[in-house]
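Below are two complexes that have chain A in common, paired first with chain B and then with chain C.
Then we have the complex of A and B:
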């Protein structure tokens, strides 16, 4: 018990305190200079990170609700079975491999464009590379949808089946049963999945480095850049603050929602 | 009209086909690159196929073998270290009446609740002062942190799911606490603990950011080798290394439900 706690304190709490301290520590004591500098230099990257994360979260939410909903309420047995087998493949694929997959799949001459051209859905002249913010959103979503779906499908399966059956008996369609009965009860799990996905997206260094060559890019990429090229821990840790703040806001919204739900009961 | 009637078998088949393309398309593209010796625009498929690049990657001094060895040494050590810490901690959290149990669980949750890149950066700075950067020990420690967090949570859930009545029966029949633990509790928690160990292993094999800051350039693991090949434009080498990295990931995805039973899953985080 205590060895484990010591390890977490030494390997996590200590670096955390150091990152906060270094973000506010200058040559002459306490300062906000790093934070200001980080914001003036990398404000666009912060905005870019927020935009990409939100875009990916929306895509993840829609896809995982659709897949988990179909797995729970779907009427066609064989389709449910195929989908259950199909959706999970990216689950444990490392981000660094997902980055490489996208680099070859989404590029101008990648397989996505090739297939679109071969099937006549796209003309060869208008083929373009998706290795920008769209590629980031698609890569993050590709990797995280199975994870959130796995959690959400588990939560949906735990919803008392009699609730949705009662609704169906009263004439509600499957879609209505999903959005009015099953999803509201499984929503806390969806939130947890989305917050964990947000943390993952704000932590990943390899994917933005592999997909985005210039600016703006994700904050992680800029933190690494600041350290590798300038050895500037102050500004890098100040950027880290922004990513903490972003997750903290999301966690706060989640807690507000959970508390509101608890008091309703 | 219900959606189920709208989605005729043909529509369903098309939709599933599209999903299959989204899931497998990138993987297929990668596999093509791994066996392509020549693939230039505008050819839809590689023009020359072969194992030439495989031989090149696995040449004695090409770096793949040492990265593979490093990866395995680091991953196995990270598993040993974090399980040695997590099993007693998980047992204590699941079974002993601890004051402030929720606060302790929260402490073990925090590393997963906030972005970890600043943490790795600062661990690297601290390790630099201690002379641990660029060493295997440093990389093992940085891999053990995320592993430890998973391991404690899963181990706690696994011990909580073990049947207490059986333990009490064993104690009533005269078994010592240690014997009860080894013969009764541990076998029940074993699938969960194995799942935890596999999680830590996978996490370590796939770990990139921590190795990037603490290990590179002295210690190269497979993800770093892959990253460098990809950034250097060598798609064949990147694809081959990716395929190797995919073996444990996909293998575990296929068997996860055998290890993580619903009764353990539902107790994670309680």
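Then we have the complex of A and C:
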């Protein structure tokens, strides 16, 4: 037990505390100057990061519920098999490659616009680039949907089949059985998947760097910028503090929800 | 009109045939048991009626309406699952109210009907309990209540009592049967327990390897099982080759079957009985008497006695004619001469 504890303390807890502490440490001792500065300079980026993350999370939740739901309750066996085989692919693609794929897919002359123009759904004049917040949301969602689906489909498969069968037997269609019976029982896993995705999105540097040229952008970009160009660890760590705070709030909401349900029982 | 009729129902699972051309008629208000050893296809048949197992061919009718092509939610059958399948994220009241909610019944009426149902199940005031806090017997009742609350035209029970202790099972058998009778509910129940089927059913459907072997009321099934294998499943644990000195009414039978409890070793000799003389090999106490193993003509037979019998003693085993079940050379049940005269 002792070596394990030492390793955790030395390798994880200490650096974390150090980075948190340096966010509040200036030339003349304790200060909130870094936090204030980070907020004044990068407030828009913080808001942008929150907006993009929430947008992506909503998209991830909708898509993963749809896919996992179909995998669990789908009636067409071959379609379920094909979907089960297909959906996992993005899991094995690194974020940086996902960013590269998005660039060539979503730019003004990218594959998406080309297909839309060729099929006559879009005129060449109105073609526009998606390499902004929309591109970020789509790329993050594309990358994280398989991960959350993998977790959620596992949780849904663990719900006894007789639970959804009982609902269907009593008059609920597949969709109702999914939303009233299966999803509520698998929801804790969905929350875990979404929180882990939020952490992933708030830590990725490559995707915002590749997709977004100007401001505002994700906090990670600004943290890297602050460190590489100014060697300013104080403000960078203060930005890191916002990331911790964001994930902490989500985790707290999740714990509140599960605790509320436990006490209800 | 029949409540439920199955014609030529066939089910395949991949290359395996699970049910082969099942024909069955269930009359309104009756209690039918699907009985058979595990793997005989009885649960598959119940699931096919509920719509969870697609048919390869055949037709299922509820009243006059064919339900073969309908999804489970449109069939209006109500099923009680072996595991009860109560939803743990809903309390007792919500579990019971859910089918009513699906039917668009307003909240006040839902609450009222749930309370009435709980009273009927002797669980009044349980609305806000979590289903995870209930005992096995209580869960079983809630599962039954959830099925009954929609007044279904057909109630399907999948081994509903098999997860319960013996004493609760016995009392619930009676309760369930009474409830079914008072509501006049057409019911089909799957069970592998012959005692349960005999006690509860109006009609028993005996199944084996995807086929129906026999459909009969409990008494006929018990006394006249279709063949030797069915007889063994129904507790006929002794068989002997028929010999010329056996009761004359059984002439022509190849094999005679009887149950251990019908055979005695401690009664006075009588005419018109099967008699075998042999040596006692074992004597086991069974609670209400003794089970005696007797070796006669190199065959071990079992009988009962009120008092213990020493091993090694020679005894006469006797079975009254009325308790003998005759089988022909093809191992099928053969009506005795008396019964034939009776029916003629």
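Observations, loosely collected:
Just so we're on the same page, the second predicted complex is superposed on the first by the 257 of 265 C-alpha atoms of A that agree within 3 Å, B and C clash if a C-alpha of one lies under 4 Å from a C-alpha of the other, contacts with A are read in each partner's own complex, and residues count from 1 in each chain.
In the analysis below, a contact is a pair of C-beta atoms (placed from the backbone, for glycine too) under 8 Å apart; a residue touches a chain by one contact, two chains touch by 3 or more.
Note that the structure is a prediction, hence the values are computed from the model and not measured.
Legend: residue contacts after superposition of the two complexes on their common chain; A:230 is shown touching neither chain B nor chain C.
Shared-chain residue A:184: touches chain C; no touch with chain B.
Look at A:3: by the touch rule set out above, it reaches chain B but stays clear of chain C. In the superposition on chain A, A:252 contacts neither chain B nor chain C.
Once the two complexes are overlaid on the shared chain, A:12 sits against chain B while remaining clear of chain C.
Contact with chain C, but none with chain B, is seen for A:172 once the two complexes are overlaid on the shared chain. In the superposed model, more residues of chain A are touched by B than by the other of chain B and chain C. Of the two partner chains, chain C is the only one touched by A:162; chain B is not.
Shared contact residues on chain A (touching chain B in one structure, chain C in the other): 173. Chain A makes touch with chain B in their complex at residues 1, 3-5, 7-8, 11-12, 14-16, 18-19, 22, 74-76, 79, 82-83, 86-97, 99-105, 109-112, 114-115, 118, 124, 142, 154, 158, 173-175, 195-196, 199, 202-206, 209-210, 220, 223-224, 227, 233, 236-237, 240, 243-244, 247-248, 251. Chain A meets chain C in the complex at residues 160, 162-163, 165-173, 176, 180-181, 184-185, 261, 264-265. Note for the complex: chain B touches chain A at residues 2-4, 7, 9, 12, 16, 19-30, 32-33, 41-42, 44, 85-86, 88-89, 92-93, 98, 104, 107-108, 110-123, 125-126, 141-142, 144-145, 148-149, 152, 202, 205-206, 208-209, 212-213, 223, 226-227, 230-231, 235, 238-239, 242, 245-246, 248-250, 252-253, 256, 262, 265-266.
Chain C contributes residues 50-52, 71-73, 75-79, 81-83, 85, 87-89, 98-99, 102-103, 130, 132-133, 146-147, 150 to its touches with chain A in the complex.
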